[in-house]
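Listed below are the structures to be examined.
Both complexes shown next keep chain A, but they swap its partner, so chain B is in the first and chain C is in the second.
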Partner chain A sequence: MNKIRNFFEQLRSYPSAFAGLAVIVFMVCMAIYAIIAIPYNEAVRLWRGGDNVWLETPRNASPAWTNYFRKDKLPETIVLKTTEDPSLKTVVPLGGGVSVNDMVFTFDYHYDGFPSELSMFFTSTFKSARPNVSIKWITPDGREIRLTDMSIRNSESYRISQDNSVSRRVRGLAPEVGLFADPNDPSKVNKGTYKVVVEGLVFEEGSTLDGSLVVYGQVHGMAGTDHRRRDIGVALLWGTPVALSFGLLAAVGSSLTTMLLAAAAVWFGGWVDNVIRRINEIVMILPTLPILIMVGLFYSRSIWAILGVVILLGIFGSGILTYRSMFLQVKESGYIDAARAYGASSGRIILRYMIPKVIPVLIPQFVAQVPNYVFLEATLAVLGLGDPVLPTWGKLLNDAYTNGALFTGHYYWVLEPAVLLVITGLGFAMLGFALDRIFNPRLRGL
Partner chain B sequence: MPSTALKMQPETRQAMPILAVEDLHTWFEIRRMGFFKAGDVRALDGVSFELYAGETVSIVGESGCGKSTLAKTILGLHKPTKGKIYFEGKDLSELDKHQLKEYRAKVGYIQQDPYGALPSFMTVERILKEPMIINGITDKDEQKRRIRQVLEEVKLAPIEDFLPKFPHMLSGGQQQRLVIARAMILQPRLLIADEPVSMLDASVRVEILQLLQKLQYDHNLAIIYITHDLSTVRYFSERIFSMYGAKIIEKAATKSLLKNPLHPYTQALFEATSDPDAENLKTFKDVPTGEPPSLLNPPPGCRFHPRCRKMIKGLCDVEIPPEFQVTEDQSTACWLYKDHAQGK
Partner chain C sequence: MPKIQTATDRAVPAKRSTSGTFARIARYAFVRGGTLLITVVIGVYLAILIANGGGYVDQMRIGQVREKISLQIAGNEALRDMTMQERREYEQRLVDLEIQRLGLDQPFMVRSFRYLWNGLTLNLGSAEYMISDSGSRQVRYILGERLGPTLLLMATGQLLLFFSSVFFALFLSRRYGTVLDRIVVAMAPTSAAPAWFYGIFLILIFAALLGWLPFGGMVDAPPPQNPWLRALSVLKHMVLPVASIVISSIFYNSYYWRTFFLIYSSEDYVDMAKAKGLPSGAIERRYVLRPTLPTIVTSFALTLIGLWTGAIVLETVFGWPGIGRVTQTAINLYDTPVIVGTVVIYAYLLGLTVFLLDIVYAIVDPRVKLGGGDRRS
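Our next item is the complex of A and B:
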């Protein structure tokens, strides 16, 4: 306990360490929140579920908080559903199984920007006669614009923004613009209360008709959406546990194994030392990234396979030589001789006598190594070798890159994962530097 | 310092020595480019002696003469190239793994640098427990009892205060006491003390030596005391072995050796000892010039002959001197005494 208190006492003289620690704690909390709030299966469904999952979110929408920084407020998505709010629908039976199903979707629109899209979705049940609907658009100044008449199958979507006949009725403007534009100045939004009136007729007893109106906004959620209407926030949240666990596991796996190998090489010496050093020399000159790309292309893109290869390649390197030189010194210590004299076995000497002596040097290096592996995972994902299932930061960057996010002005798509990566790296680096000073007596007092 | 060193008389010795070393050689191979043998460093080159229970033997000699190698070879830290070590009559090279562990428990090791000899990351309690855990003393009460006993013996009190401390929190003297406690915790029969006080303050040295004496008296320990500090030798040991160039060149009872050192090197060694005596102002000390011999390529004949003033041409530089029994309790490997009977 004393040791730990001492350690924090020393840490106090390095404010950057606390900043780094705070960042890491924040990241860990975020990771835990992500796992609890969006369980793995749910995350995979949200990320790879198909168009039905993302039906009601806008495409390429900016994060909602961008509205705080602009004068002309951009619209958020408005969704109205008769299944959720039955008061939108009135059913009047006319006899003979025929009934009127009228739906009125009323919403206030006070944004300065036009919606990005406009859609209606209908569901119905019937035996042979399809229900019919006739849809009207009523602007705040009382103009009535006929949209369309259509018959409804079990599931029908009506993309208003793709209906050219509507476009013709609003002076050739795109429907989602024309329907909202001020008649005197089409570049401005006519603010007020809009109504979409659906006059429906069903022709059979027991037949039902439900509808919904989606006015797609230009902003969505904390993080915005991508080209497939997916919420980027899901990937940002879930990228955290993936990145942290990848970085930590890779750093732990490789540095512990490195240390064990170096200790064994030094302790047993002779041919063991020779074999380990020769292998190290060979692996040191192998190019890591191309090997990982080949593994990703020809073997598996699973994050576990990549992790295994990263650890294997990470074990060898200059680290093993550094540790070896330290262990050579430790091996000559009197206490090792003493331990041998009272009968300690080789395994015990390596694990209990040699490694604990070097651990203080390992900790800062280990902390500083974590972001390297986080970046490596992101690098692979950017190159299109990310895990095919999991949403990660690197895959966001990859999507942003392939869809030209920066050319089309979707800067948030690149910046959000990039900022998280930078913060993670910064947090571990700041903590690592401070730990290095605490544990490395030669740097103390600098 | 009280002299309990001569309490054991030769006739009271047991018939069987606790430790017998016969013609022990420890050579370290020097390799060139990792493959080709370039030669051997002869750190020990034919050492024989016997040690009885309850006896203290000092081994004196200058740096690099093989004192520490002898200690480490007896402890089993170096494998002897040739020769045999018998402990309680059993040949060490014939022991199996289990017996070797038992042997190691019976031999305690005290090192020169107490701080280096203690793992800096373990507490005092852990340091004392380690040898017991390794040697199968796992009973918690027994462990506690032994820790209490050895700490009392080395006078690290109050015990509870010391148990959670780390070595760097102890003073040099306390560290060395802890090293002694660790050596004693397995209740050894033989202690090998490799310059146990040379890194300590002069004020602490006496205490540590007295402590060793008391432990020897209480437990009937045999002690091999390695030192280059001749001033402590006379109070501490019954016999003195003088080493030069990887060989023992003189074996004698302490009294006789102090009165009349036989080998020219031993004589020179005692000459070189500083003694705060006003008479020294007027006398001139005849200290041999030159350097210790190379152990990689030792001189032929007597290893000391290039520096020896009494060198006999054609004998000393040609033939290695055997051991001559000069008096009953004094023998030396020097051609000057070739008229006396050869020892074993």
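Our next item is the complex of A and C:
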């Protein structure tokens, strides 16, 4: 008890240790929150999703908070649905099964930027006769622009921004620009209340027609979206438990086994020692990253398979030599002789007497190793060998990089995962450095 | 990636070798080189075992052979008249012949040693999809022509890193306790991030935002005709990758080495030298730098090994046309022979690095005995 209090007393003189500890605690909380808020299967589904999951989010949208730092506010996404708000729709039966299904989507638009896309989605149920719609756009100054007439299958999407005939009606501008532009100055947004009027006709008894309007913005949520409309926030959140568990498990796995092997090598000596040292020399020559690349390519890209190989390769290395030299000193201690004298078994001596002696040296090393492994996961992902299903920070970086985020100015896409990686790495590294100086009397005060 | 090492002492009492320094080093180099060569052989063999684990690569190659031959037969007008049965038999015969020619029918143990020999002699076979800049499909040429740029970039970065770290660390140990010293101590944890990671930030700042330096690549497109201008262009493209190598490790190295300098400057013989009135430069060179150099070389060796493999991603991030970039392309194209080739090249490069460092170690540390790397017990 006294020892522990003493330890915290010492820790107090290292503010960086507390900063590191705070970061780690924060990250662990974030990881727990991520797992509770988005269960594993849900996270995988969201990230693989494709267009059906992310129908109503814009492509490559910056985070919403960037609006606070700019004068001309960029639009957020506006979604209007008749299924959610039935007052948008009026149904007037005309007799004989035919009825008018009119929908009016009204929205205020006060942003300074144009939307990134415009789409309408329709769903309908019918037996043989498809419902018909005709769509009009009404600007704040009362101009009416006919968009299209179409018949609706069970599910129909109308991408207004890809409709060239609309573009022709608004002086050749892209529809999402032309429909919102000030008629006197096409570079400015005509702010005010817009209306999209859908005159629908259904031809059968019991047939239904529903629609929705999506005005895709240029900003979205806390973290923005990627090229496949996915909310980057999902990957940022889920990257935390993945990075932490990968880093911690790899560090625990490799440093504990390293220590055990070093202790066994010293205790048994002779050929055991020799074999372990020869294997160590070979593994130090093995290029870790290319081997991980081969494993990722030929066997499995699953993060857990990679983790296993990382631990296996991490067991050997310079660490084993450091521990070995420490154990060599420990072995000469009097209490080891005493243990041997009372007939303790080899296992007992290694586990109960030798290992506890070097644990203080192990802890800082172990903490400081965590960031190496966190970054290793990111490294593999950047090379295109990330886990195939899980969203991770490294995969975000890889996506951003392969889509040229730095060239096209989508800096948030690179910066968000990078900042999280840096914070996590620094947290563990700062704590590890401070612990190293506390446990290492020679470094104390230097 | 620098690994934290604790400050363990490496004081090994040993007799001074009676023979001359050169003979000692030559003998040492010979033994060390031999051991390392054996290590590289085992390493390459392990890589081959991993690459062919479960016979997966063999299956792939047989599949390719079959596909190639069936395409040949389908495209051959002269064989149109054959019945289905005849054609199938003919195809099987050709496939068997080809498999025999490639030696794929031999047991794996036999083949693995042939692969090993091929690998060690850098006879790496031909690539499946990739083509070298000079138009060859030989893996040897694909990798060979990229070795130069990788060596240029990594050697520049590493040498710069080593010397700037040593001098910076010496400088700091003289100014122990100043604000600058404390800043470096506080910055040391930043070395947890690998070089490519800093590369991203540097590109963001100096290429994307400021536009001062290129995003990546090795030379302007089109390359300048004048060789001086071309060298200048390469230099311009090297600034950011070299900077990220240096930034990623300099704080940790300076901190760690400065600590060693401080520990050694508190030795009695340093006080004695000061009392004699020696100039501080001479004290540093003879009494501080000399005994700490072996430790520094060892710690630098670890940085180096980390940097070699880190080069794969660094080159990818900067589009530098080196081995790392080839590896990345090969991963995307799933070009197995090229990937196995890079593993072999990397095993050689690492072996060579360790060998060179051992020699340097033997030069700077007169205590090294002729015993093949056993410097501790």
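Everything that follows uses one rule, which is that the second predicted complex is superposed on the first by the 444 of 446 C-alpha atoms of A that agree within 3 Å, B and C clash if a C-alpha of one lies under 4 Å from a C-alpha of the other, contacts with A are read in each partner's own complex, and residues count from 1 in each chain.
By definition in this document, a residue touches a chain if its C-beta (ideal position, glycine included) is under 8 Å from a C-beta of that chain, and two chains touch if they have at least 3 such contacts.
Note that this is a predicted model, so its numbers are computed, not measured.
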(request) Name the contact category of A:Arg324: first (chain B only), second (chain C only), both, or neither. (result) second
(request) Check the residue A:Thr148 against both partner chains and state whether it touches chain B (first), chain C (second), both, or neither. (result) neither
(request) For A:Thr66, decide between first (touching chain B), second (touching chain C), both and neither. (result) neither
(request) May I ask you to decide whether A:Leu286 touches chain B, chain C, both, or neither, giving the answer as first, second, both or neither? (result) second
(message) With both complexes overlaid on chain A, does A:Phe433 touch chain B (first), chain C (second), both or neither?
(response) second
(request) With both structures superposed, pick whichever of chain B and chain C touches the larger number of chain A residues. (result) C
(request) Name the contact category of A:Gly343: first (chain B only), second (chain C only), both, or neither. (result) first
(request) Once the structures are superposed on A, label A:Asn403 by its partner contacts, choosing first (chain B), second (chain C), both or neither. (result) neither
(request) Considering only touches as defined above, state whether A:Gln10 meets chain B (first), chain C (second), both or neither. (result) neither
(request) Name, in rising order, each residue of chain A that touches chain B in their complex. (result) 2, 333-335, 337-345, 348, 352-353, 356-357, 359
(message) Per the contact definition, I'd like the list of chain B residues that touch chain A in the complex.
(response) 72, 75-77, 100-101, 104-105, 107-109, 111-113, 116-121, 130-131, 134-135, 164, 179, 182, 186
(request) Over in the complex, which chain A residues touch chain C? Could you list them? (result) 16, 20, 281-282, 284-291, 293-295, 297-299, 317-319, 321-322, 324-326, 328, 361, 364-365, 368-369, 371-372, 375-376, 378-379, 382-385, 397, 401, 406-407, 409, 411, 414-415, 418, 421-422, 425-426, 428-430, 432-433, 436, 440, 442-443, 446
(request) Report the residues of chain C in contact with chain A in the complex, numbered from low to high. (result) 1, 3-8, 35-36, 39-40, 42-43, 46-47, 50-51, 53, 56-57, 176, 186, 188-194, 196-197, 200-201, 203-204, 207-208, 215, 259, 262-263, 302, 305, 308-310, 312-313, 316-317, 327-328, 331-332, 334, 336, 339-340, 342-343, 346-347, 349-351, 354, 373, 376-377
